[in-house]
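Before I ask anything, let me first share the structure, which is written out below as structure tokens.
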Amino acid sequence: MDRTTLLGIVIGVTSLVLGFVLEGGHIGALFQLTAALIVFGGTLGAVTISFPWSQLKKIPRMLKEAFTEPKRDPHKLIEELVELATVARREGLLALESRAMEHPHPFLREGLMMAVDGVDPQALKQILELTIDTREEEKLRAIRIFEAAGGFAPTMGIIGTVMGLVHVLSNINDPSNLGPAIAVAFIATLYGVASANLLYLPLANKLKARLQEERLELEMMLEGILSLQAGEHPQLIQTKLAAFVQGRVPAKAEREETAYAQAQSSRSA
Amino acid sequence: MDRTTLLGIVIGVTSLVLGFVLEGGHIGALFQLTAALIVFGGTLGAVTISFPWSQLKKIPRMLKEAFTEPKRDPHKLIEELVELATVARREGLLALESRAMEHPHPFLREGLMMAVDGVDPQALKQILELTIDTREEEKLRAIRIFEAAGGFAPTMGIIGTVMGLVHVLSNINDPSNLGPAIAVAFIATLYGVASANLLYLPLANKLKARLQEERLELEMMLEGILSLQAGEHPQLIQTKLAAFVQGRVPAKAEREETAYAQAQSSRSA
Amino acid sequence: MDRTTLLGIVIGVTSLVLGFVLEGGHIGALFQLTAALIVFGGTLGAVTISFPWSQLKKIPRMLKEAFTEPKRDPHKLIEELVELATVARREGLLALESRAMEHPHPFLREGLMMAVDGVDPQALKQILELTIDTREEEKLRAIRIFEAAGGFAPTMGIIGTVMGLVHVLSNINDPSNLGPAIAVAFIATLYGVASANLLYLPLANKLKARLQEERLELEMMLEGILSLQAGEHPQLIQTKLAAFVQGRVPAKAEREETAYAQAQSSRSA
Amino acid sequence: MDRTTLLGIVIGVTSLVLGFVLEGGHIGALFQLTAALIVFGGTLGAVTISFPWSQLKKIPRMLKEAFTEPKRDPHKLIEELVELATVARREGLLALESRAMEHPHPFLREGLMMAVDGVDPQALKQILELTIDTREEEKLRAIRIFEAAGGFAPTMGIIGTVMGLVHVLSNINDPSNLGPAIAVAFIATLYGVASANLLYLPLANKLKARLQEERLELEMMLEGILSLQAGEHPQLIQTKLAAFVQGRVPAKAEREETAYAQAQSSRSA
Amino acid sequence: MDRTTLLGIVIGVTSLVLGFVLEGGHIGALFQLTAALIVFGGTLGAVTISFPWSQLKKIPRMLKEAFTEPKRDPHKLIEELVELATVARREGLLALESRAMEHPHPFLREGLMMAVDGVDPQALKQILELTIDTREEEKLRAIRIFEAAGGFAPTMGIIGTVMGLVHVLSNINDPSNLGPAIAVAFIATLYGVASANLLYLPLANKLKARLQEERLELEMMLEGILSLQAGEHPQLIQTKLAAFVQGRVPAKAEREETAYAQAQSSRSA
């Protein structure tokens, strides 16, 4: 369960609705079926035209992914890869066969199996990199659906409001009703801008952040597999893999750098 | 027949029109000839200036492409390429001559013919990559016509509305008529924004998604041709080609990865 | 004469003006000197600040280029290059000297002359690529003037309209005159948006499309010169050069691919 | 303490508030709780959905970084690196061990330690470059939170204003109150645009400028470590490192270039 | 003196003011202190937060650069470099020492000195390229200040106008005063949009155009230094350097190409 996704939606929607109610607004005034039809139907239409079915059918899976939090632990992964490298170095690559075959992670499993099977390092690297790239590209294409929805929704809101104004202004006999009618027309803009900025675009952002972490994990696996295939020293492999997560825990490092800079500047004063 | 293209247009247009009618609007109020002339004529003009005739004449073909769905089956393609590689390895490249000559796909046919004819691998790679790139570039240029139309249409809508307001405000003698006249002026904005967001831009998106799949297919063919020319083992070729579609069927792989992450995190708990 | 440039302007302007007149507007209402002064003068000023004189003075030449259509024939060019390669292979590079010296195209002439003069292939490649790049960059810089004008014009239109409104609202004594005065203020927006979207931006697009074709032609010449200098077989040179235009005539190829896809999908059904 | 960050906020906020007050506005009119709730709550919600917790928790550290100014002195750093290189060249890499271990800067310390430990130059380069890249990427991801807030805030302002207008227009019984009510609705737009343009976006800019300087420092260290490991002459190392800061003190160089250009042009006159 | 910068500002400002006056506007209505405070103070604040002091202090120098025109003459530069190469080839690199030391251009001087000092070609290339890149990056960072101001100014204008409207609408007792008060509020928008589009953005454009020419000059010097160090034939160096400016004088070349295209098309007719 990724708490920030749900929490963010709750914070956002609550702030908007509460703000409206505290101003004295009637909560019922925010619900309007025709505006919803225009904005959500229009966005759905534009998205459906934009993407092939093979992409569209991934929406539920991507949604689920945005709300669940994978528990990646790169440090555990480094440990595991170093251990595998130690075995490979001591007992040969073949000694990894049973562990590779049973490994729960499909990328690591297939990569290790190919290394065990003696696939040429050059070819192995090419295959694993291509796998990472196509996987990322596939996910990016699904994420672009949310970005497209975030682009279309506000324009559908504008269309809904303009249509409302066209309707209102064409039948302007009763000026006393003008205000409420325009208010209704504005609801479409509200739906369009709010759905884009509280749903589609933030979800796309979250999914992209997730994808980046996933890619990092796969790249660490790739580096680990190639290094153990090359028979590199486990210590060196550890150092290499640690560089991938160097940026992750810079709190202490940063304090030291700040201290360094301060010391330097006091010396120069 | 690409059902999503047509379906999306139906969903989008129906949502907009239905929303307008349910609000009590007169469907006739949405049709206005002068607005259509300004928006569609203006967009056509801007697009015609923007592109040379050699590109403009591709519009009908691109439109047709957006509404038809090619039945690409990358797994079948892999099978075929592996089979060709098996023949080439067993009986030599010349054994492929008749199959190459008769192959229905022009890129594969010409690529195989060149391999059979003994074109130098380096040159073959250069030629096939250049072919893929120029084909993609050519299609992208045609797709940019739709993107350009999607950029010009809303501005033409604004021009139409401003011209309408100029007309209305210059002849403001009869204030009772002001509302309906402004309503009419807004129709141009409606046409501009709706045509861009329900036609031009989504169609450009669809065509780009299509192009990406096409490119993937050609790249698989390229990899297959070069690999069989190099006499690589069919098993390796299969593995290489499978990496292209790894990202395509990740449902099972993803479940495994999730299970892996969960297991890892429970272990760490 | 590039008919699409002129035709597009005619279509665009006619659509706008006709739409306005059909709505009952007075054509004279669209002409207003002060709005023109603000929008076109302001755009001219912003563009003049933006670019050095060495770029600005290219505007007339670029305009002329947008309205004339070069008759490039890549197939003829291939023929010519292959013929030159045949001569070079049979009789040696020196046999090209007189043809090179008299060649009407300066890039081809100078490139051939250098090849004949025995310039080192590496250096020749570097020089010709640099020539292509700097030529493209120079043209792009001039095209960016039109793009900049297309960016500045609508903002100048907004400035004109806001200034008009400032003037109108400061002297609001006569409310009966308010409508026509606001109408006049809107003309500036009209000029700004229309000039950007019917002139500056489409012309920049056309010039970029032209530039792309020009680059392709120069790259074909580069490839041809280097290949004939290397003494490659004319047949191979022809195949290589054909890859540049493969994307150009894909009508037949595409029909075949569609047929291939259909056949494949029926087999899989 | 980075004075420009605080100073800029003071200048910006003072200018806005003072301008409002000088126009005769009541300062109290700028404070409105419901608008603040909608804009800041909505932005917080959108940002919370957009980023995983591992990024969000970096906000306080990034904020602190935006307000403090590191005293980097690239010239001191060059001095130090050249001195280290001199020692390494004279007494061997091992002579650096104690200095490396005690070095306050973590990147330099670890890089030097690896050089002393005899890590292969190729591997050392790969590890240090990866460290720089992942650190930069990690910081960029945190900076993108501010950029996202700067993108969401104005749209939340629009949402707040539209909701205010919906409320106002639905209860239009008392037209005398219409003005002040609309004024209140506009406060949300004010909050959204001002928070984005006086806080989120400028802070993101500052953090990116800071990041660029940090990267430069790390790249100088990388170059220094690799050069001293390769046993290059300290003089050459100094020249190389000086090139990193060449662009930093161009005042004198520029004057000379100007003089050169002037001289050249007078000669050509 | 770069005449186009000043001329452009004069053209732009005159057009706007003259247009306003010709429409019957009072020139005094365009001056308003509070709007200026909000727009220019707000922009200054946002820019001050955005950039470190080390960048901000370059503003005056960049401004001066935008208004002065360097008299670069690439053809003279080629002449000079070819002459230096001739000397180096005939009498050896050392013969350049005195000329190098006295050369007024710092980049050329230091580059030649290093070549004379026998710096390894690989290292020399790396150092000179790094110098060019860091110089360009440093200048770009300063130019981005103007671009940032051009982005912030219009939003500050919107803030000023919204604040003005808030003030006006809160005190709507005197409707007769409504028009002039709104007019005053619009002045802020005017300042924001006009300062961005007649100052900040065009100046950034000009500075970037200038930077591009500067880079070209430095790259020619780099090429020249490396070539003369390698002892290449002056004739070849001349041809190489000429390729940098090939794009600069294409008038004749283009006429020839047009003639070529015409001839070709008439032959094909």
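Here are a few things to note about the model shown:
In order of appearance the chains are A, B, C, D and E, and numbering begins at 1 in each one.
Methods note: a contact is a pair of C-beta atoms (placed from the backbone, for glycine too) under 8 Å apart; a residue touches a chain by one contact, two chains touch by 3 or more.
Protein identities per chain, from UniProt: A, B, C, D, E = Motility protein A.
Values in this document were obtained by computation on a predicted structure and should not be read as measured data.
Copies subunit C (Motility protein A) and subunit E (Motility protein A) of the same chain sequence form an interface built mainly from non-equivalent positions, shared numbers / all numbers used being under half. Chain centres here are Cα means. That of subunit C (Motility protein A) falls 38 Å from that of subunit D (Motility protein A). Centroids built from CA atoms put subunit E (Motility protein A) at 38 Å from subunit B (Motility protein A).
Averaged C-alpha coordinates put the centre of subunit D (Motility protein A) at 23 Å from the centre of subunit E (Motility protein A).
In subunit C (Motility protein A), no residue reaches two or more other chains under the touch definition.
Viewed as a contact network, the protein chains form a single closed ring in which every chain touches exactly two others.
From subunit A (Motility protein A), with subunit B (Motility protein A) next, the chains follow one another around the ring as A, B, C, E, D. The residues of subunit A (Motility protein A) lying in touch with subunit D (Motility protein A) in their complex are 2-5, 7-16, 18-20, 22-26, 29-30, 69, 154, 178-180, 182-183, 186-187, 189-190, 193-194, 196-199, 201-203, 205-206, 209-210, 212-213, 236, 239-240, 243-248, 250-254, 256-265, 267-268. By the touch rule above, subunit D (Motility protein A) contacts subunit A (Motility protein A) in their complex via residues 33-35, 37-38, 40-42, 44-53, 55-56, 61, 68, 70-73, 76, 104-107, 114, 119-120, 123, 126-128, 130-131, 134-139, 141, 148, 152, 155-156, 158-160, 162-170, 172, 184.
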